[in-house]
Amino acid sequence: MIWSNVLIYFVIVPLLMLGGLALSKSVKQVRAVAVTGATALMLLAAYLVIEFLSMRAAGDVSPMLFTDSWTWFEPLNINLALGVDGISVVMIVLSAFIVFAGVFASWNINPLPKEYFMWFCLLSTGVFGFFISIDMFTMFMFYEVALIPMYLLIGVWGSGNKNYSAMKLTLMLMGGSAFLMLGLIGIYFHSAPEGGQLTMNILEIAENNAIPHEWQYYLFPMTFVGFGVLGAMFPFHTWSPDGHASAPTAVSMLHAGVLMKLGGYGCFRIAIYLMPWAAGELAWIFLLLTGISVVYGAFSACVQTDLKYINAYSSVSHCGMVLFAILMLNTTAMTGAVLQMLSHGLMTALFFALIGMIYGRTHTRDIRKMGGLMTIMPFLGVGYVIAGLASLGLPGLSGFVAEMSIFVGSFQHADMFHRVLTVMACCSIVITAVYILRVVGKLLFGAVQDAHHKELTDAEWHERLATITLIVAVAAIGCFPNFFSGIISEAAEPIMKLFA
Amino acid sequence: MDYSQFLMMPQELGLLAVFLLVFLFDTFMPKKSLGALPVFTSVIFGAFAIANYFMLMRGTAFSGMFESTASTFVMKSILNVGMLIVLVQSIKWSNSEFVAVRRGEFYELLLTTLFGMYLMISARHFLLFVIGLETASLPLAALVAFNKNRYESHEAAAKYMFTAIFSSAIFMLGLSFVYGLTGSMYFADIASRLVGGSNTALLITAIAFVIAGVGFKLSLVPFHLWTADVYQGAPTAVTSYLSVISKGAAAYAFLVILVQVFGTVYSVVWEWMLYALIILTITLGNLFAIRQRNIKRFLAFSSISQAGYIMLGVVAANELGLASLMFYVLVYIVSNLAAFGVVSAIENFSGKVSIDDYNGLYKTNPYLSFTMMLAMFSLAGIPPFAGFFSKFFIFVGALETGSVAIYVLVLIALINTIVSLFYYLLVVKAMFIRQDDCIIPTFRSACSERIAMIACTLGIIFIGIASCIYTFMVDVVNDNVMMFGLLK
Amino acid sequence: MEFSYTVAVLIIPIVMFLFLGIVGVKLSKKTAGVLGTCAMGVTTLIAYAAALTYFFGTEQGQIVDGVRQQLEVMNITWLEFTENLVIKLGILLDPISAMMLIVITTVSLMVHIYSLGYMDGEKGFQRYYAFLSLFTFSMLGLVVATNIFQMYIFWELVGVSSYLLIGFYYTLPAAVSASKKAFIVTRFADLGFLLGILILSFYTDTFDFVTLTSNPGAAIASAGGATFMGCSVMAWALTLIFMGGAGKSAMFPLHIWLPDAMEGPTPVSALIHAATMVVAGVYLVARLFPVYCLEEGTMTIITVIGCVTALYAAAVACVQSDIKRVLAFSTISQIAFMITSLGVARPELHEGVGYMASMFHLFTHAMFKALLFLCAGAIIHAVHSNEMSKMGGLRKYMPICNIAFLIGCLAISGIWPFAGFFSKDEILVAAYANSPVWGIWLSVVAGMTAFYMFRLYYKIFWWNNPDYGHHTPHEAPMTMTFPLIFLSLVSIVAGFIPFGDLVTWNREGLTTHINWGVAGTSTVIAVGAIILATLLYRKENAVPEKMADSCRGLWTAAYKRFYMDELYQFITHKIIFACISRPIAWFDRRIIDGTFDMLANVTNSASYAVRKLQGGSIQGYVWVYLAGAALLAAIAIICII
Amino acid sequence: MESVGNIVMYFIIAIAIIVFSVLTVTSRKILRSATYLLFVLFATAGIYFQIGYEFLGAVQIAVYAGGIMVLFVFSILLTSRPGNSAERLTAHKKWLGLTAAIAGVGVCGYSLLSYGELMARNMSVNLNVDIQRIGEALLSTDKWGYLLPFEAISILLLACIIGGVVIARKR
Amino acid sequence: MEITMMMYLIPSLIMFGCGVYGFITRKNMIAILISLELMLNSVDINFTVFNRFLFPGQMEGMFFTLFAIGIAAAETALAIAIVINVFRAVNKVDIRELTKMKF
């Protein structure tokens, strides 16, 4: 029965929320539904983790757990196939966290709170659906489901040059998914050996391993670029700064926190996993691009003056690191990549949440017009510093763990090319420090720039709740990384064996 | 002489019966009860559409001139769905002051054109096909000219009429060459006589002209130029009919002609012609659509570009392609009719047809905006709406042939979806994001319009997700697998 | 394990940090301060217990065959990269870490106590104590690290605590920029450290110190002679790791952050930037000494950098006018002594006395430099200025401080029987043993040290007697004078600790004796320098100014710290910001983004261009129609036939 | 070998078609155009007669010349004032028309000509199209029977009548 | 001399060409309709000629022509109705009037 699989509830809960929101009449009800749903998702995620771990502990070594498959489009052998491995589990947990924090960060959203949360739920549906699917079609469907609400979320509730940004973001991401669609259909038609039953199921495709090399040669770049656009891979990252800058707080959080992870996850799950040969052959091109992303994003962030732009470029750099690590094709780097996704998801969500809160008070995001906010709003200030420290890789917070796994893993490559790129990527930690400290220094420290700012208040309870949730998550990963990396590397190992 | 063969065409006969009933009602009922005509038509057509499902006949009649198969049956049923929605949608409009006196003719003409389309779908003889084509297009000219007090209506009708006659002349010229080459107008004869025949210049020219003739109905670039003007000028009810029903029929007929008749010369001749046409159609349709401010004109260009996607099912020339094509047409019908439903509701209320007039519509008319948005998303191929599934399946169908060229073609089509997304989003943007001083005030659309819109909305949401529909289409086509025997 | 209680030295400070950090604002200042100090006191007691037991106890197998053992008290897995590359968090007790435990806890406790008075009334008092706890935690974690990655972790943490403490007065732009600079410069150095770790761990397949140092030959050999740009990869690895150390320890040319770091509260300078954190680099090299001493090239680099820094810093210190700056450069110079000492140490030279000397000097320096800084703090507290010109004749107002400062100066100058004499002597012995060049060089620097320290001393306590107005300086409160007295005593007696028995490179006992040849010479030089300083600065006079005028260029250069800051300014602003970041940002907006915008614009203009096709005239339409059909046919005919 | 009469007749017809076609589209007086069209239609009927399709020729004359021409003439009289003649063509327009005509004719002509041996075919002598056969074929449901199109076109004509009514109706 | 099929097709083709030319150049809508008649007529000739020369055994082409004449009549009738309609609206039958909707 479809209802007996816990995974399906990750899609059903947001859909129920959607229904609940559609029926609710007042802002209070809207909030109540949103909070209930987000909490339910958190609990569901917790339950999933516990179940998952206990199943693993019981010695279940199959690549995916909770697998189930229901025929959907029989003629094309499209199934509603569900399943999670360690990587998806942590991504689901991440998403649940950010959705939870996002609800609180958009507590006072205005106008049209109901519609806002409805789109928000649709977005979450897409995100969760993507992570629980192991059927390419469903995955792709959920992927696009997650993309399109962005347009309205930015367009209606955004700020600044929102029309342009929303359109640019949507079109570029859809452009990526155009390539992706072609790639996926291409994979589908080569998913089985001559005469075999074609399939969309990722596990079966991987098992068949029947995609001819000359096809992999074209399909790999298509899928990788397709997902890479969402992963903000150079030079397809330009939607990110504008999009983030214009998006409302929680949307930035969700987008940078979760949606961009879809890119990295997809690159791994589809491009690398299904086409290992091409991954080995072509990785160097994308390594070069992602390597550039890492450094380039960091350098660009150094001279920005808009808080969100800084963070967006920083995301380019960090997400570049994710793809970079994935392409290193070994377990340690892969683990690092997933950790980086987690870490970046949480801390960037934290960043955006705080930026949103600060912006909500000062009505400017220009760091030149702000200063000394630490004295005025100490809670937000401290939160921002913590986020900054996480971003620049302070041990004890999540960024460090992720980056170190990536660097150590990447350096395990005996090849000079990979080593040099790794060194280049390492340099980003210094540049990251530069721009983070620059913005922290200008924004929080020093003298108050604007006398009006002195009257501003510190965070309210819902803002505190959102911030603390995320900080706790960031610190939890940073302090007990082995728990997470264990789950992840267990999942990554069998796949990375393909490249050994 | 076996007149029982007419029983092979129950759908056509049923439709004629509906036509007759409407005709009689219109002619003989007292004047004051004529107001019930639209509802009457909708009801009996609805009854017919339902009864239809018990009328499936398989086989050929008139010595192969007419063929009824599962797929023609389903295709006609799909058109019925669209027709029914159009009928319901137009109830309010047809009761309006200017239309009321001629609404009997309106419905009669609609039904005869549908009859023509039935013939196009089932015809397996070019003479019958031409008659079907003309029946499907000539009365439409009268419908386009329906709105007498609007100048655009006249202009549109004239444009439609002249280009249609020109096109049919070209089409028949092409047919005359085909006849000269094969000596028969029966599809089966032509196909068998072209086997092994060299690809002479005459055949190529003939095929090009035939493609042009049918491409005119389907508004493929460069045979599309009438489309926008006619859509803009015609009454909205007619436009919506034109944009979906006649396009659907033409698409199916196109596939039948190209595959069944010219299937043997497939890969060498018309494949490349179609590639070129598809690329042109999608691209130019999109390029034109970007600039439009009139919503009907905008939808015209959008429908041109959609026709290009439908054609992908034709180039596939396989079972999956046909199934996807039919599915696409169905989805396209509900999506486009949803859009037109909104457009006509707003036009009936305020007379406004510019996209700029839609600014801030969400504030005042949330449900209309929502429906419109779903329609736009579906047309743009955004999941989880039906348009996504239809697009995906049509691409799968096309790519099943597996040649590199078709991959390139699909890639171009996919890149064009980005452009199309852009302009569909423009409408969404107008409704949801932009603000204006003179927003169309809140109004309550007529019951009939709402029924039609709800039906379309449900269709948009469920046709894709409910996999049984697509599966059914594939089954239908596989039942008819002989149709493609020639290709193998 | 019997030493497992040592864990408490890490747990208490971190708990204190979290406690004070989270609920600190709710507490009164006094409670917070006392609480922090008490916790530190407990930590100190535990650390002493551990260290003393380690050094002087025998029952837990600390010494086997006369060799002090490295005891892994605890080692828990924190993060597994691969099977062998595992980050563990643990506590390694061996002579140097035990010694560092004492140094850190002592100075930290003194600073805690001292700050009760010094920071009294400051805004953010609770935060200050929280940060102190964080720093203590990090520093202790650093020294007890069992593996290089753990060290790196705590290395970063001390960096951050230093950043937070330097920027304690975050409303002052100078403090903010100083903290930023400190962090970024050390971060840059840490990049080297990280890369070094990556290289080292790749070849040796371990992070573990014990594994690395117990068989250093194997570690070096694991690279299999691989080279990069002509040098062996191991030399690269070790040099890069040393780069990290050099950054933390403010070695030339990465020293520039330290003088600026004096913007922080003075007790912080005493703790972090004099006694503990800045010697982390020395500690790092000492930690890996067995490996280092097999790479001759790296050792030479270390020596050269040490010597250059020592001289450079001493020269700059001679002309600075800000008392904390003088002390900062003095610190740089003294750390350079330690580094040089390690650089010149070889197992075969005097049984590796350089290693022991370095550690000895680290220990004594921590005590007397902390003392000096705390005195400086008291003085600043009294006169509200850092500038020498605002001081003078303070001996009358602050007698305790005067004596304590004098003791500190004597200690650093290397006058018997103060602590500095013994440790500096060993360093010089080691240097002479390696090469007379280094020996002479260091002797000269030692002389300069004595000179500038006494210049400082006289300028503060003698020189003139300015009018302090109604702010008459007065002796500091008890909380501040107690640490001064305590540290003075330590500075006096620390030299007699038998370091040779306790801390050596191979952890075996080493008998040291004063080399009177070296010691005599250096004492003579020091005394000479002190006399010179006395002549010049005891009473206000114009001679120093004239001397400065006589070589104005050199003086200005030295005063401007030989323009190193300007150079860095130039590199960061003109090269990194102006030549890299801005062009990249421009490129991003104009070229990359521009390309995508251009795609949109091209589509738009294409759309505009094709509109003519739809000219509105039927005849045009059919023309296009026919042309299309004819073209279709024609092209197909041409292509196919 | 054709009879001389046939050949002469052919040339008359062919030349009439060509000349009057050209005149139809170039004459600046619309009524004259219509008249020339009538001649073309007659000439076409002549072709039908010549190749033996007398029935078709008769239909051509009856429907075209009798029906459609009347329609044309009426509408011309309705819409144009006497003495009105069209303006001169602009070179642009002429050029457009010529290119289109030449392109269409060129492609078709090339295709036809390239089919050489078929095009050089002679008329076979025996032809049996008596009116009875035509009538039977028209109502036959067998192969080569046209009952269905015959019925279908009736619907078309009905629809066109309705359409005409719709358009022509004043209101 | 033989009268070959080609000799019938050539006048027909020229007629078609004239029709096209007329359609594109004429301004009077009725003149355009006249041109269209030429085109349709030429197609009819093609069918009959093909039938007579190539497939004299059956009457497919002839019947097609027969029906085509019917269709042409219907088309013309409707087209003229529309032209009259336009004439009523703008009092002209100039095709250049019909260019309001474009781009």
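Each chain carries a letter (A, B, C, D and E) given by its place in the written order, and its residues are counted from 1.
Please note the rule applied: a residue touches a chain if its C-beta (ideal position, glycine included) is under 8 Å from a C-beta of that chain, and two chains touch if they have at least 3 such contacts.
What you see is a predicted model, and the numbers here were worked out from it, not measured in a lab.
> Give the chains in contact with both chain A and chain D, ordered by label.
B, C
> Supply the minimal count of touching-chain steps required to go from chain A to chain C.
When the steps are counted carefully, the minimum from chain A to chain C is 1.
> Look at all chain centres (mean of CA atoms) and spot the one farthest from the centre of chain D.
Taking each chain's C-alpha mean as its centre, the farthest from chain D is C.
> Give the label of the chain whose average Cα location is farthest from that of chain E.
The chain farthest from chain E, judged by C-alpha centres, is C.
> Please work out which of A-B and C-E is bridged by more C-beta pairs in contact, and write that pair.
Looking at contacts between chains, A-B has the larger number.
> Which chain's mean C-alpha position is nearest the mean C-alpha position of the whole protein set?
A
> State, to the nearest whole Å, the distance from the C-alpha centre of chain B to the C-alpha centre of chain C.
Measuring from centre to centre gives 77 Å for this pair.
> With chain centres taken as the means of their Cα atoms, state the distance from chain D to chain E in Å.
Spacing between the chain centres: roughly 6 Å.
> Roughly how far is chain B from chain D, centre to centre by C-alpha average, rounded to an integer in Å?
Centres of chain B and chain D (C-alpha means) sit 32 Å apart.
> How many angstrom lie between the centres of chain B and chain E, each centre taken as the mean Cα position?
Distance between chain centres: 27 Å.
> Residue numbers in chain B touching 2 or more other chains?
127, 131, 134, 138, 141-142, 145, 148, 157-159, 162, 166, 173, 177, 180, 200-201, 204-205, 228-229, 291
> Please set out, as single numbers or ranges, the residues of chain C touching at least two other chains.
Each of 611, 614, 616, 618-619, 622-623, 626-627, 629-630, 633, 637, 641 in chain C touches at least two other chains.
> Could you check chain A for residues that touch two or more other chains and list them?
In chain A, residues 171 touch at least two other chains, as defined above.
> Using the touch rule from the top of the page, what pairs of chains touch, sorted by label?
Here the touching chain pairs work out to A-B, A-C, B-C, B-D, B-E, C-D, C-E, D-E.
> Under the touch definition given earlier, write down the residues of chain B that touch chain E in their complex.
On the chain B side, the touching residues are 126-127, 130-131, 134, 138, 141-142, 145, 148, 151-152, 154-159, 161-162, 164-166, 168-169, 172-173, 175-177, 179-180, 183-185, 228-229, 232-233, 291, 297.
> Using the touch definition from the top, list the residues of chain B that touch chain A in their complex.
Chain B residues touching chain A: 320, 323, 377, 382-384, 388, 392-393, 395-396, 399-400, 402, 407, 410-411, 414-415, 417-418, 421-422, 425, 428-429, 432-433, 467, 470-471, 474-475.
> Under the touch definition given earlier, write down the residues of chain B that touch chain C in their complex.
Per the stated touch rule, the residues are 158-159, 162-163, 166-167, 170, 199-201, 204-205, 207-209, 211-212, 216, 221-223, 225-226, 228-229, 268-269, 272-273, 276-277, 284, 287-288, 290-291, 419.
> Would you mind writing out the residues of chain C in touch with chain E in their complex?
611, 614-619, 622-623, 626
> For the complex, which residues does chain C have touching chain D?
Going by the criterion above, the answer is residues 619, 622-623, 626-627, 629-631, 633-634, 637, 641.
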